[in-house]
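Okay, got some structures for you below.
Here come two complexes built around chain A, the first alongside chain B, the second alongside chain C.
Right after this comes the complex of A and B.
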């Protein structure tokens, strides 16, 4: 009830207030988001060799070129692998940490604060710091590996660079998953677990049978947000490898950047940006469709069981 | 009882692993540059701190443009945050309080705006800035940061404001307060926690941003004059030219400052 009660139908008296409150936001939103979006779509129909020079209208030619470019498809695959792997790892590590932090122990609050640290340090710090730690000759990680009697790992070699980037991305953005999942965990009451414990359910079973189903909505949202962000991720890969070695870590954002800001093929770069946004948008719609269907089904079942209960009560 | 004890031990081991996982790189970035020029490579495999030499930090502050980049970062971060907060609060207030046609559409637009690839926005924004003659300035950077912080800020604020008991406002109208004073005196204090969270979020996003800084400010290297250059290029140059330790040092001080800010606010 509360959520509905605070909303007002608009009366004449409210109009000046609404207009003056809403207008600045709308103007800025239009200027920094809506207009640029349409401008990017507009750019994609032109061939231009710089930001300032003349552009030639080429219709759909840029789109044809992008779709015929094997580099685009290869980078799209890399982007999907990169975002898929990082999201999966972030979920696994983030949820594991959240489960630890949800227990009671001394220093818990401090550890919660500390666990956010990787998320709030600038990406440039992350890459420089880890590069130093992962260095083949002087890095502490390789030193520790060597002291275990194993061979050195060249973390930024052609074979490893993508996985190094996945590892660093996981490290940096895991706290987001941890924080959101932890806040979800705190909404589950202890009684549920206690009764499960009385029934002899093991921790592992409790997690899959109670925690995951109860936090399903949160999990779905985190996966969606993280997936979209990782798909668009530019800074970490760019700073760590610049797309190399041998274009092994070249994801779509890097391809866009190289085309637009290094070769100044502004139209072509915009075209890839527009296409990648539409791919992402479609993926999001499909994902939400699956999720919404599930939700509708659950609602239906809940209503059905409630009605059944009512039926019992009436009898 | 024994089982409980072993549970405890496992829990503390896990907690310790979380601590190492989150903090070791930061620890390493702190002690490495403190080893000074002699110890930096020589002791690079020693897990414990081996020196307290401030040379690198001293160099960074004295011999580079680092203080300027730092100042710029703060100007941009504070301006972007301030605008996000003021505009975002006004917008979110109306979107929470009033039901009108297009409201949910606006909320969805905010969310989609946040999902737009930074690349998709950066390209046309740079085109716009060039046309307006403000490319390569801090103002341009502030505007482009707002394109990320505002939509998500509004969205977060709306979800915060939904939990505020706005009935209080109506009772103050009855007492004769104007709409504006009732918002300022009664509702704003209740909004404060949400507003602060959004402010922290915006500031972190702006302060740690690299993508927009790279594209908006230093995409055209010829146009950079040091006074206006933003920090991102500075970071990058320092990283390319400088000693790994030196860059490690400045990066770290950057990180720890944010940390201090964050811990102060929470």
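Right after this comes the complex of A and C.
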């Protein structure tokens, strides 16, 4: 039935239906995404000290200033490190949890529910809660560490703040990976694993030879989405450290906020935002390229194996 | 059939969405009193006020005052909580739209300076005169006139000064520090890390709390950022040694602070003191109101002190204040009438929501018996209220945003840039050489002002 529905040809009579479905979303998209994006691009060519005052057209000067600003490059590197580390950890931990939750055991449903909790707690609560727990002098984590006879860890010091932020980000957003990967796992037939087991494949081999290839598209999608979200992540870092100490956790979103809303350098802040947008846009294009190549390769392999089967039959 | 139902539902959803947008827009038009509509049954005028005093008690006082004013005059008054950091952006983003504000409460003089520069503020000298004139506002100390005109009406002082535990002092056989050496000595004596007890807490976080509180050490040594001609003099031969001395003192105090000082903001300053973790903290009168609300055991165990000067010949505090500005709108006159009425009739109730914190900006209120009979004012007169008055009269008062010869955008830019929190972090967390840090900070300030 589904295949029939997909293959249904769109006729002129369907246009009102399609338009009525698309319009609400498109209007919201235009107001919330397209308009602010163009506004930011427009602002990036001006020296503006507020959103409403007189702005002076400066052409590409803001871009020159940003590219010559060492703070921009330093914060870009921090953003790449932060988003790279958080995505890698979220993937590793999220997939591991999904694999466990995909097994049948007592209390599985309860565990599935619990695993989503970090994702649904508001970020402000996560931040304040963890800040208390990680406090060097009074936090429960350091009390536990001290009770083991180990030295206290200064989680928000210059050396540790970025990694603490990575850790909290991993804790908070891993459930998204778990949920999506778990739903993907449930689409793989048990028969595939059973026949692999009959062939003597161990769990590890099954994971690399069956699960990963079959869920490759899902994995790529999660990596892309999480990568974009973490690259843009502002709330947790801002609430936890305000970009400090000594700008050690100052990522691009924080730099944009400080310039635009703290110092009211609207043009300069918008320029960084536009550059940031194009970096992500580029990442998306690369992803789509990889995705399409993968799809083309798979199609080619399928066709090849079908032909081979036919050839065998002919023989 | 299914298709028809789907189309009807989708079109319905779309039209209700658009209708919602339109009707809400219309409502806001009325609420702003900008271009028409009849929001109020009597006069059709609605005044929107953005309040940086976002606490429930202050908002209730404003809302109640608005309701009473509407009953009296027919003019509707709507108060909205807007965090201080969002105030300037929200005012500008809504200006000339159907959702514009008519007045706003702010704690940052930079907002007034920047909005005046954009020509968006009404002068309020007439209201100041009707409230007792410049003289009643402590000779106009925080009126910050711009080109001879006043653009805000202050309602309180929030000085940043010290609080110390008297019982801890007694236990150690010490007295309230009068010099920097004594300050360090007391901080050291209070500290027992094994028992989670620390000498003091000063905020070092990359935010406004550090701009406000921790700079008090600089002011206590007569440090200034600008001279009378707006030159940056922080690293001048006269100023640099003073700044370095103050920073060295901060460096010496740092080991006696809990680790969270690095990331501490306003709430941490009060929590650490109320929760018995530190023997000294630095804040406004709000701490007294919080002690009364959260830990009455401390109500007779603290003493207020000004930040001592190096040699003990005086004290300092960071200047802080709040006030109301009136925006140029179609209803400026009505707004001014409301604000004047509010100051004359309702300010006492408003100040009463956090009485010790909202130290009156008018001397006549300080002397007003009704105000003096507010429970917290009465209870903490000697320990928390009178000392604020003494600091106001006798302490060296300065702040980043009010440094320089007049109210101006330059100190506001320095405040917003957070260069001072960075300077303090480099000295304490990174243990850098104060001389180099002062040079770098002065150069950073020059460079940012040049780009303006």
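Note that in this section the second predicted complex is superposed on the first by the 287 of 315 C-alpha atoms of A that agree within 3 Å, B and C clash if a C-alpha of one lies under 4 Å from a C-alpha of the other, contacts with A are read in each partner's own complex, and residues count from 1 in each chain.
Everything below uses one rule, namely that a contact is a pair of C-beta atoms (placed from the backbone, for glycine too) under 8 Å apart; a residue touches a chain by one contact, two chains touch by 3 or more.
What you see is a predicted model; the values in this text were computed from it and never measured.
After overlaying the two complexes on the shared chain, residue contacts for A:37 are found with chain B alone; chain C is out of touch. Of the two partner chains, chain C is the only one that A:136 touches; chain B does not reach it.
Considering which of chain B and chain C touches more of chain A, the answer is B. Of the two partner chains, both chain B and chain C are touched by A:24. Once the two complexes are laid over each other on the shared chain, residue contacts for A:261 go to chain B and to chain C alike. Shared-chain residue A:241: touches chain C; no touch with chain B.
By the touch criterion stated above, A:189 is placed in contact with neither chain B nor chain C. Applying the stated contact rule after C-alpha superposition, one finds that A:109 touches neither chain B nor chain C. Once chain A of one complex is fitted onto chain A of the other, the partner contacts of A:156 are limited to chain C, with no touch recorded for chain B. Put simply, chain A uses residues 17, 21, 24, 51-52, 131, 138, 261 to touch chain B in one complex and chain C in the other. Those residues of chain C lying in contact with chain A across their complex are 3, 6-7, 10-11, 13-14, 17-18, 85-86, 88-89, 92-93, 95-96, 114, 117-118, 193, 196, 198, 204-207, 258-260, 262-263, 277, 413, 416-418, 421-422, 425-426, 429-430, 448, 452. Chain contact summary for the complex, chain A toward chain C: residues 16-17, 20-21, 23-24, 27, 49-53, 131, 135-138, 154, 156-158, 240-247, 258, 261-264. Against chain B, the residues of chain A that register as touching in their complex are 2-3, 5-10, 14, 17-18, 21-22, 24-26, 28-29, 31-37, 39-40, 43, 51-52, 97, 100-101, 103, 105, 107-108, 111, 113-118, 120-126, 128-133, 138-140, 143, 171, 175, 228, 231-232, 234-235, 238-239, 253, 256-257, 260-261, 266, 269-270, 273-274, 276-277, 280-281, 284.
Here chain B touches chain A in the complex through residues 8, 11-12, 14-15, 18-19, 21-23, 25-26, 28-29, 32, 41, 44-45, 47, 83, 87-88, 90-91, 93-94, 96-100, 109-110, 113, 115-121, 123-128, 130, 143-144, 146-147, 150-151, 154, 162, 164-167, 179, 204, 207-208, 210-211, 214-215, 219, 232, 235-236, 239, 244, 247-248, 251-252, 254-255, 258-259, 262-263, 266, going by the rule given at the top.
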